[in-house]
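The two complexes that follow have chain A in common; it is paired with chain B in the first and with chain C in the second.
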Partner chain A sequence: MTVTAEKLTETPTQTPLVTMRLWRGDATGGCFVDYEVEASEGEVVLDVVHRVQATQAPDLAVRWNCKAGKCGSCSAEVNGRPRLMCMTRMSTLPPGEAVTIAPMKTFPILKDLVSDVSFNYVVARQIPPLAPRPREADGTHRIAQVDIDRVQEFHKCIECFLCQDVCHVIRDHEGNKAHFAGPRFFVRAAALEMHPLDTLDRRPLLRHHLGLAYCNITKCCTEVCPVGIKITDNSIIPLKERVVDGYFDPIAWLGRKIRRKPARTPVTEPLAPQATAGANGPRPGRRSPGEA
Partner chain B sequence: MSTLEQRAPAVAPSPIPVHLGGVRGGPKAATLRRDRWWVAPVLTVSALLAFVGYSTWAAFQNRDYYVGAAMHRDYLSPFYSPCITANCQVKFGPVIGSWWQISPAILILIFPLGFRLTCYYYRRSYYRSFLWAPPACAVADARPRYSGESRFPLIFQNVHRYFFYFGVIFNVILTYDAVEAFRFPGDGGIGVGVGTLIFVVNAVLLWLYSLSCHSCRHLCGGQVNSFSSHPIRYAVWKRLTPLNRRHMLFAWMSLFWVAFTDVYVRLVASGAIHDPKLF
Partner chain C sequence: MADYDVKELDVLVIGAGGAGLRAAIESASLGARTGVVCKSLLGKAHTVMAEGGIAAAMGNVWAEDNWKIHFRDTMRGGKMLNNWRMAQLHAQEAPDRVFELEEWGAAFDRTPDGRILQRDFGGHRYARLAHVGDRTGLEMIRTLQYKAIYLDDLEVFMECTVLRLLVEGGRVTGAIAYWRETGRFVVFRAKATVLATGGIGKAFRFTSASWEYTGDGHALALWAGADMLDMEFVQFHPTGMIWPPSARGILVTEGVRGDGGVLRNSEGRRFMFDYIPPFFAAETADNEAEADRWYDDKRNRRPPELLPRDEVARAINAEVKAGRGSPHGGVFLDIASRRSAEYIERRLPSMYEQFLELADVDITKEPMEVGPTCHYMMGGVRVEPDTCAATVPGLYAAGEVAGGMHGSNRLGGNSLGDLLVFGRRAGAAAAEFARSAGGLGPLDEAQVARICADALQPFANEQGESPYELHRELQQTMQDLVGIIRTESELAEARDRLVGLAARVPGLYAEGNRQFNPGWHLAIDLRAMVAVSTCITLSALERRESRGGHTRDDYPKPDPEYFGKHNHITRLEEDGTVSVHAEPLPEMPPELAELFEEATVS
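Let's turn to the complex of A and B:
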């Protein structure tokens, strides 16, 4: 098809208007407010939310950073589904209907679309980071590519916490937050447990403190993960199987007795947090050195 | 049995409390989804109930499960295989004596039933569609209490790998049945009928289902951390992984086909249809 220059410069006679139904409020309460705004083709939800902010609601709170699906800041619930606003195209939403945007439900609200995700940082501190085995004689660590391939999938996590938000274990049962780490941290635990250099055994921690058994593998975390980590199949179920090895399988127990494999050091209690993290102190949720 | 804790702990115990509370944002609605999220649970419930209904009925029939030499075939319904009771129409050499009076299928179906009930995929589907925990993603759980698989009875889901072992044994037996289905006693000795093909497909699908099992993937290689020092287990794991990705597909296909195989045998055995010999 050929497009004439004339056609390209033509201004559309009518700019399509959409209704953005945004949650406005804070811890004291709130409600949905409708905003009619223009939305042009190819825009993402975050663009349109920004237009609302620029033209009609300058006090609208919305968290974002990269607008490229890399920082994990713009998580919210678009038409009831946990999504990154910057990666949700307007064209994928049902036309002619209001676009409903609410803050993530699982975490406390700060203001409007911004929720307080510090629950996740509290959990992050509980998991001991990589404890690599001693370096080789020449002072290096050597890892074969096949040994690290599997955990590299987990390192794609951008900590958007959409999986934590959608997980019904804490979404619908606030009390479980005391003993359930959530899918993001099962991904992290799997990355550490399957790491070829690691010397710790986090299975006791997973079983008794991080609530791995609370997950009923219903796979919503996998459905929402914006970077496509197969959270349930590749991290949670393998971890569950590893816990079965350690606690529920007499044959595996016998195998351990017979082969006397060098055991990793079991971690039975959550790691305490650094009380005050100074400028150079460990930041919660950061990857530890050595994690490829 | 010793547990992992009996070895010395590596990290000094100092648990930290998680700060609960805070006021959640958004409306107090069970869901804001407006798409048809209920379709999947409805389909799952219908399909599973249909299968359970049919298999229960078929198991209690205790007849028309074997097409034998009288019809020049050797087809044994997968619901009744291995037929190990004395009251069987086909003899594997009875392991269970004549005290077993009811249908032999009842004895056999326990194992495939246990395998599928504890299967990670079926768990996902019945937790969603029957228990509504959750009915769909970002749709609220039906019940206020929830402890997942951490307590009795659901903690027993952890035995899944043992059912997997039984599943493999059953696959060997059903593969044997598929081979037997090539026997055409009194009709040329060896041949291929429509039933033969149905049995072969049945065996293939059951193998695909078992080999794509998550426990299988773990036991065959997933449990090692250093693939480079276990090249054979790595090779197996690498081949099982793409199958594992399709576990859901194989779960449904094999479920459907096993019932279909039984239907076919039942129809031929009762004389309702004739099994055409292809070559």
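Let's turn to the complex of A and C:
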């Protein structure tokens, strides 16, 4: 057999067993179940959850894709804290204690560690997309790097929805979901509002429909953001200032912005959900008729 | 017992990565009622993992660049086995696809005069990759996602896995799928179907791929009777993480080398200078001084670290085998000693984070340990270049699942462009086919019932074995026997083992119920993985030469006379076996052929 590079390091040192306390159940109820399982050096929580799945609980539901902190699929509450399971090293958790993992609490539970995050896909569609200014005479868009830096920070968002999960406005008050977009979508709105090419003015929308005012700047969202977006300082607070400026001093606002965005079209209503059932919306078309 | 929903569509797109979303956007924009099915949530597809950028000859950084040079680089990188027409279309159209993304809001890095910045990458003569730091794939998927969700004729069906294509009257008429959440079945009846399912990385043990990468589209096409092209060519990316074990395989972007990083062995030697093949000798620097000058002055020859991926992966493999590897069995990738910490953090922020978080390595201070990882499938569904039409009517394929574009080896940066260029073309052709091909007859309910029953079989196999164990065996087989370096006896052993694995697949057991059950999902995914692995292995056995992603220990040289002039076609025969036969390459027109005259062609 040919010896290739990938065969030389296959025996990681085993550490003692760890206890994984995983939430098992579905929308109708459930409980935490303890699994004793091996963990190897350098492993992350998701590795150990996968080992439980492969050896003890083949039907354990868990979302993941990249295992590298890039897709935002593996969000859960690890020892009570919203985190990406793939970026939480076992070695950073208290040794000798059970590792408790629950699905995100702010969203309805589907099964085990998987929750129904469709709320986010509904909100996403309410915010009108970029309406870019025309291209320059030579067919290009000219944008200085400094003008795109801020937008690039917002575009780092991996849509893990951990910020949505932690925000008390919706975590503690289910009813607020109808009129509060949540930190992820303030980031999205800020990315559009501050995009150098954009020509819309989403401030009326933010004020009247997306619930910007409900945010009382606790900064919990910023603390959990796995990609380090300064959600509160760089998106929410500037948006709040703009909304206030827009309502109380439109001239100053225009004066400040006129250089780049001479004609901003105000948007007052959220985009309506699509006519077809489930199109792009919540868990589109997932349930068959007559199903619970 | 076969209880299912039926959804009627004009165009069904399977897969919501870059190619699938671009196809769906095109098709819906042309007024076709379009549905996109994806196994994960929207916006999580493997495209988010792409780091480096989109290769497009825009000439923003080097005005000398143009599509012909990009075309030539692509063909040479693929060792001339690429479908020339696909490589041409890609090189010609990639710039427009990038400008389109910019128009839709993608925030590319900028040049000092405000245009889209382009970076250097292996195999590309000029700095050509439009990028957003080192997370270009994320920017691309998010931009396409937020383009798609506002389109009225476009529906997204998330967390839904396709089992089989529906084939009625010799035509593909949609697909049968199940909702991952509930395990219930759904039939998508569509006048045209686009495969955009990506690759097969999960058949290998060390891979940069996610769980979704199980070769579904390759298998769906094969089972529907479509021709597959050059299935032996699997790309091992030279630089994956190798330590700690749990991070093994995670990609380290080629951008590290494009931005000045170099490879060293345990003796501190920049060993790539020892592995410059004659094919690229004329354009590759043979000393460190010249290589280092190249970053600022392109009149110098390129550093050997930026040779195409197959060359670099083989070189790393050889160094490790010769006992000059790093402590954990790779080599060192060093940018710390060559660029400032500030530069590294600005240019490679995700790499910086990734190593700090997962390996406790500060890449601004110490070298990374890297080794090859399974990364990309060059082989795929045989398509008609201009329309992406497969050999079965009503079926289209774009992106990684399609074959031809990249020949025997893909250049970095050519994947994201491929997704956009051919995603758009497939979407347009599928919409046109849906418009002109006429309606569908009554649903073949017996076919649906059969497929549903087959999918539920694992629940009944109470004495059956665990899909996780079988998956592990498959990965080990492919990794050990059909990996970077191949040889006749090992490939034959893999072929025999795959026969055994295939025989065990129908007996796999799924514990629990149909609701979001990963064990059941894996039992189903394994059908595709084993089928596609078989195609790879059989095609690899037949190619008795070394070329691009396919290296044979027993035939270490390329064979320009025969294999260099033939593609391999793989298909499923009526008796259930997979056949492989060679077909001459399509002939390149003279005006393109002359672009290669000055080069040594192997």
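Rule of thumb we're sticking to: the second predicted complex is superposed on the first by the 241 of 292 C-alpha atoms of A that agree within 3 Å, B and C clash if a C-alpha of one lies under 4 Å from a C-alpha of the other, contacts with A are read in each partner's own complex, and residues count from 1 in each chain.
The criterion applied here is as follows: a contact is a pair of C-beta atoms (placed from the backbone, for glycine too) under 8 Å apart; a residue touches a chain by one contact, two chains touch by 3 or more.
The structure presented is a predicted model; accordingly, all values stated were derived computationally and were not measured.
When the two complexes are overlaid on their common chain A, residue A:Leu271 makes contact with chain B and with chain C alike.
Look at A:Arg125: by the touch rule set out above, it reaches both chain B and chain C.
In the superposition on chain A, contact of A:Ala144 is made with both chain B and chain C.
Of the two partner chains placed by superposition, only chain B is touched by A:Gly80; chain C is not.
By the touch criterion defined above, A:Gly25 reaches chain B but does not reach chain C.
In the superposed model, A:Pro238 makes contact with chain B only, not with chain C.
Using the contact criterion defined above for the overlaid structures, shared-chain residue A:His195 touches chain B and also reaches chain C.
The interface of chain A with chain B overlaps its interface with chain C at residues 26, 125, 144, 195, 271.
Within the complex, the chain A residues that touch chain C are 1-9, 12, 26, 40-44, 47, 53-55, 58-73, 87, 89, 110-112, 114, 117, 121, 124-125, 129-130, 132, 139-145, 148, 151-152, 155-159, 192, 195, 197, 271, 274-276, 278-280, 283-289, 291. For chain C in complex with chain A, the residues that touch the partner chain are 3-5, 7, 40-46, 48-49, 99, 102-105, 107-110, 113-115, 132-133, 135, 138-139, 142, 146-150, 152, 154-160, 179, 181-182, 184, 186, 205-206, 210-212, 242-248, 250-251, 316-317, 320-321, 325, 328-330, 350, 353-354, 357-359, 371-372, 466-468, 479-481, 483-487, 490, 510-513, 515-520, 553.
Remark: chain B residues 1-5, 7-27, 31-35, 120, 123-124, 127-128, 133-134, 137-138, 140-141, 144-150, 154-155, 158-161, 214-215, 218-219, 222-223, 225-228, 234, 244-245 touch chain A in the complex. Across the complex, chain B is touched by residues 23, 25-28, 30-32, 77, 79-82, 94, 97, 100, 102-109, 115-116, 118-119, 122-123, 125-126, 128, 144, 146-147, 150, 166, 168-169, 171-178, 193-196, 198, 200-201, 203-204, 209, 211, 213-220, 223-224, 233, 237-238, 240-250, 253, 263, 265-273 of chain A.
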